[in-house]
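Each of the next two complexes has subunit A plus one other chain: subunit B in the first, subunit C in the second.
What follows is the complex of A and B.
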């Protein structure tokens, strides 16, 4: 490797170095805040490096036979850095809310012994980011597989990240419940993901046997559709479909999403999927899927099943995280449409735009959910409040009337929901517009039909959540007078008081959420900016 | 520029009245009223052009009065194009006047979260104004979808008993069908791209390519169907009308007024403005089906209206019936019927807005919409009853009032091509008389229910407030307009003449000569 190669790989190297530094730092300084600072600093340095290098990269630089750095991969590295920073920021709020509890008790809890064990969170996030960046830069199945495993291996501990046990009243129940769910989600993902990885690896081996090479660009398809090739491709596809949670490989999704700490759910929903989708774009355009007639049928089947299955399964969900999980399944299904028209000019642009749209929207939705959860925790730690179904901050009933309590927060969540549903002037609509254009361009009538039916089904559950936000809060006195008036009145009991107070959201969390919402609207109202950027790649 | 100001004013005004209401209770309504008044004045800027049209028939070159075009997404040739012509002027005037009427009529009705309510009310109007002005299909679609969001909230937050269900049903019906519209729009653009090599969402440029031999292919028919279904759901045509009775009944009074008077018209407007000019050949082939749907809607709506006991539901079904006339008139594909359809749109907007307003004020007073509870109001509230009677007979199509103009022109225009459809539709007029008279007999003149009198015994029969002066003024607006249009419809008909004459040229000589396409391109705003 020459110096040129090192320079080409510099964003990846920065992240790797940052991860190592963070690990060393944690051996000496167990401060949560310092760990977070190192994490942000690493990402900032890597982003600045990537940002500067992006216009300068004229053509692709192959770094050994394994990696290849070009504008495409740098662009996605930047997107992943952004994703990680957001998820890390959410994680910071998440961990802090659990470490310190509500503000009144923070002094007594700072000495909590378990509070020192959370710096590793950022280490794993950095590792996963490194994996994602390596994945989009890979041009060889060896690096592809290594990067995929790096992502998965750092996701396991994140999913089951030990929630510091709270030592006070009602909060302990919450903590225990969270810890159990999170452990369950981690183990579920570990077992199923291991199986999928094995399948994918076997698939790669079979394809190697059929084509005689592992580098994407020099695989030899001249021998046509042998059973080896088709079998290998099918197994690889199954492994990939598992990671993307496509129907029928989706069974793990809802449980894992529900159990994981919400920032990690956001992470797995965005980075865990977009990295793979981005590399698939490169993979498929190297050996155009249309070489394999069978694969078109397989992908179409997966797409239609995911679009319809995801949306149908989401219809009856009352848990917001599970709902978003099924909605993600449906969105992955929409996404596959683009891969079937990969040889068309619009496919690349559509893929990248939709990836950005999906990332921004999903991050926005999960940020809102995560911040609501954190705020609810400090509510719940209030010992006089009872527990119950509508006390669970992920149940839909918890969101009832939220708009009248915390308008800004709810508006952001509403914007995310509208974007997921694909209403104009949000980024999700432009994404959907691209998909419909791609489907029409490739004359995929069946898939277009499934897309339309799926979107119509999707409207129902997005809307139900949206309307839950604006429903009247469940108190008797709110029926006749405005909430503003009610708040001013003296309360007869503590319960309505708790229901009407705005959720306490930290300013930094709200700022993050507003930033995401702003991006969501800007890219929706003025998409040309992003389109120009994508076409320059 | 005026159009842009109009749009910006309504959007900003919504936010302002929300903020104003939060600062001081009762302030929001006045802000909203001011905003609407300024909007109407802004629209009044086009009065000279409207008067010009009365003097001389507009040529295709002078069809558009004003336009604004700003590139928006150059990658897809999408521009932010707003334009206005006689047809658009009529629709905008209807929108703003009905918006004003709805605001004044229900001044005191909403007491909960009033600021947010007013904001959503004005934003719905802004969306509709956008729909009536947009001359770029992508932009049109954006307004078409987003105008539903504030409407959805109006129904879902301030509606009656079953509001959430009705709101979701309304939204899903219209959004699902508009996905078809989006697919059809993109499909037309792709055809244009394949034939000319450039991407454009401008309806004029699309017209030029779609009128070539492509118009004969089955694809054109499918694309036309995509447009038709989306607009038919909003219209609503029979079979896809099921969202309407629920949404109208559950919406708050002002929401019903907006839905009935304005939102339904966007469907008809879409058919006239886009479906017919883009796909003349396919529309001609499809017209018998559409007209059959129209006639079926007229008869079915009248029948269903007759069997309702909920006043708002009855009016809602009568809308299905009246909009059937509009559909019939549009697909008769000649200038007379088309102008009749436009006149019917305006007349129906005004009369139904008033009917829903009165039904709302009855509910406000009596806390019931049931015909069996609301009886004999002539004795208790004579002024309100008299005005109610006027609007009922207007909706029945009494000669001398606006609805009669629209319906008779539609029937005359249809008779030329399809006498049987015309004859069947005329039966619908009798149906209208039957359900109208049912309303008159039961609600106005029936014996007042004994139960209520017993409970109101302490207050005496005068406990019911007759028409307030505010309501009377509000109702005078549609009343006078209906009489004026009924007696002297020429100014109104002239406004839509420019566009309907242009359309008629496509259908009298549907040959694909570039001449026609060129003439329309010349008319590009």
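What follows is the complex of A and C.
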């Protein structure tokens, strides 16, 4: 390790230092806000560093045999910093809503022991970001594996993140249900992810036995295949497919997405997947997977199954988080199509563009869902409203007529849904356009057919949710009012107020959502900026 | 001769693992697991990695499994756990997965038999060599592993702490399982 290596690794080192500083800080100052400030400061410092170094990096710098820092990895580091900053911001709102949501009851929150332990949330997010950045920079299976483990190990506690339990009032049931579901999702992810890791590790061992080297570049299928290499690759692919929730290995996805705190769902759906997809771009092009019939067959099978399976499973889904989970499965399938034409120039461009599009869109959708949930929670704790499962803020029935109650929020959610469906003027359209161009270029007719059928199916359920948003709100009576916000004008009669009162969305949350929507539209209308940036990588 | 000793220890490892899976008493299963790990340590030694063999004995067989034995003895599951395991081991439960795994095994054996490639010739790797590699070429791996351990440590502490901090959580257990069930119904 020389000074040159340290400079090359500086964004990673900043994040690692920030995580340690945050941990030390939590030992002395257990303040939620201070922890959040340190978190944002770390990410800002790392982003500035990465941003400055991005044009300066002329060629790839190999840091020992393990890591390789080039424009590609730096670009993705920046994307991950952005992702975790957004998820951290959502997490801040999420935890705040649970800490202060029960204001007005006699017990003060400083006496709640759990309220002091929120700072760790940001520590785990930083560690997962560090893992993701290491993953995209790795060129060796040792660092690949450890980075993957670092992401998973920081995600377990995040998925099961102990929500401060409300011990009083109507909020208790909600809190308990949330805690039980999120603990369950953590355990489910722990077990499936451990299995996936074991499979991938065994695959790596077999590939090592075949080639005698752990460098990505030494495992080139074009240099001749052996049964050990293919067997190892199949196991590695199975492990990766577990983490990416591709169809035969997707069973955990919906439960984990539903149970986890919504900011963490956003985090696992974006950073957890894009980091792996980005490194697969490098891995598969080193392997030249498109050469070998066996590997092409395996990847095509996974792709078709995910595109059709994910969309079909989403069709009859009433829970918005589960719907987004199944739609994420389908999107993972779309990505795989491009990996089959990886030798062509357009594949790299298309994958990177679609990764950015997927990240922005998914973040936007989950931000909207998370903010709606927070607003609903602050209302559930209002003792006048009874809680029950029909009040679940993730059910589609809760979204009925949302447009009339909070138009801005609904428009943002609508933009995200249109982008997921791939409607013009959104970033998702350009992304899908790229994918189809790449598939046409490689003449992958079968996969293209599955992609189009899958997208058509997707259009149905995205538009159905969209229609739910603008439907006339249900006639509200005292019993079936759904979760409403505290009535603004106490003197008006109950019914019109329940019809019209908006969801109380925090201003900072709304700002975040508007920023994401703006990005989504800007990249959709002027894609050239981003395309130029990607081409310069 | 070396080949014979390899096959013997591999056979022991396989049988011990199998017995660990099917034995109905948790303590017996753990003891079998220890035997299996020791057999793997023997294999490590035979292929020229004495340090890995020693670590296998000290860390896995020595520390981790003894910890697990302690935990199981403290939980003191006894007869009820044995009955539960007996139920889980009913034929209809294991027949399908076992036959699938058997098919996979056959395929894998065929693949291995089919392949002409062979690993590098056996060579003894000393502890000094391992140390040198760790702290020069693979220094970053050590650092990364320390972060992985840190994440695991803080995560485990953070998740476990809740139960001691909130005594109310245990009293609400019944309510929470109830609400989970009803949440299931919504799906």
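Simple rule for what comes next: the second predicted complex is superposed on the first by the 496 of 537 C-alpha atoms of A that agree within 3 Å, B and C clash if a C-alpha of one lies under 4 Å from a C-alpha of the other, contacts with A are read in each partner's own complex, and residues count from 1 in each chain.
Methods note: a contact is a pair of C-beta atoms (placed from the backbone, for glycine too) under 8 Å apart; a residue touches a chain by one contact, two chains touch by 3 or more.
These numbers were taken from a predicted model, which means no experiment stands behind them.
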Contacts of A:418 with subunit B and subunit C, given as first, second, both or neither: first
Touching partner for A:395 - first (subunit B), second (subunit C), both, neither: second
Touching partner for A:404 - first (subunit B), second (subunit C), both, neither: first
Touching partner for A:294 - first (subunit B), second (subunit C), both, neither: neither
Subunit B versus subunit C as contact partner of A:143, first or second or both or neither: second
First (subunit B), second (subunit C), both or neither touched by A:212: second
Residue contacts with subunit A in the superposition, subunit B compared against subunit C: C
Which superposed partner A:433 touches (first subunit B, second subunit C, both, neither): first
Set intersection of subunit A contacts, subunit C complex versus subunit B complex: none
Subunit A contact footprint on subunit B (complex, rising order): 22, 72-75, 111-114, 141-143, 145-146, 149, 152-153, 156-157, 164, 167-168, 171-172, 175-176, 179-180, 182-183, 186-187, 190
Residue ranges of subunit A in contact with subunit B within the complex: 404, 418, 421, 423-425, 429, 433, 436-437, 440-441, 448, 452, 455-456, 459-460, 463-464, 467, 470-472, 479-484, 526-528, 531-532, 535
Footprint of subunit C on subunit A - complex, ascending: 1, 16, 19, 23, 63-67, 113-114, 117, 120, 123-124, 127, 130-131, 134, 142-143, 146-147, 149-150, 153-154, 156-157, 160, 162, 165, 167, 172-173, 176-177, 179-181, 184, 186, 209-210, 212, 226-228, 231, 258, 318-319, 322, 389, 392, 395
Residues of subunit C that touch subunit A when the two form their complex: 108, 111-112, 114-117, 119-120, 137-141, 144-145, 147-148, 150-152, 154-156, 158-159, 161-162, 165-166, 168-169, 172, 175-177, 179-180, 182-183, 185-187
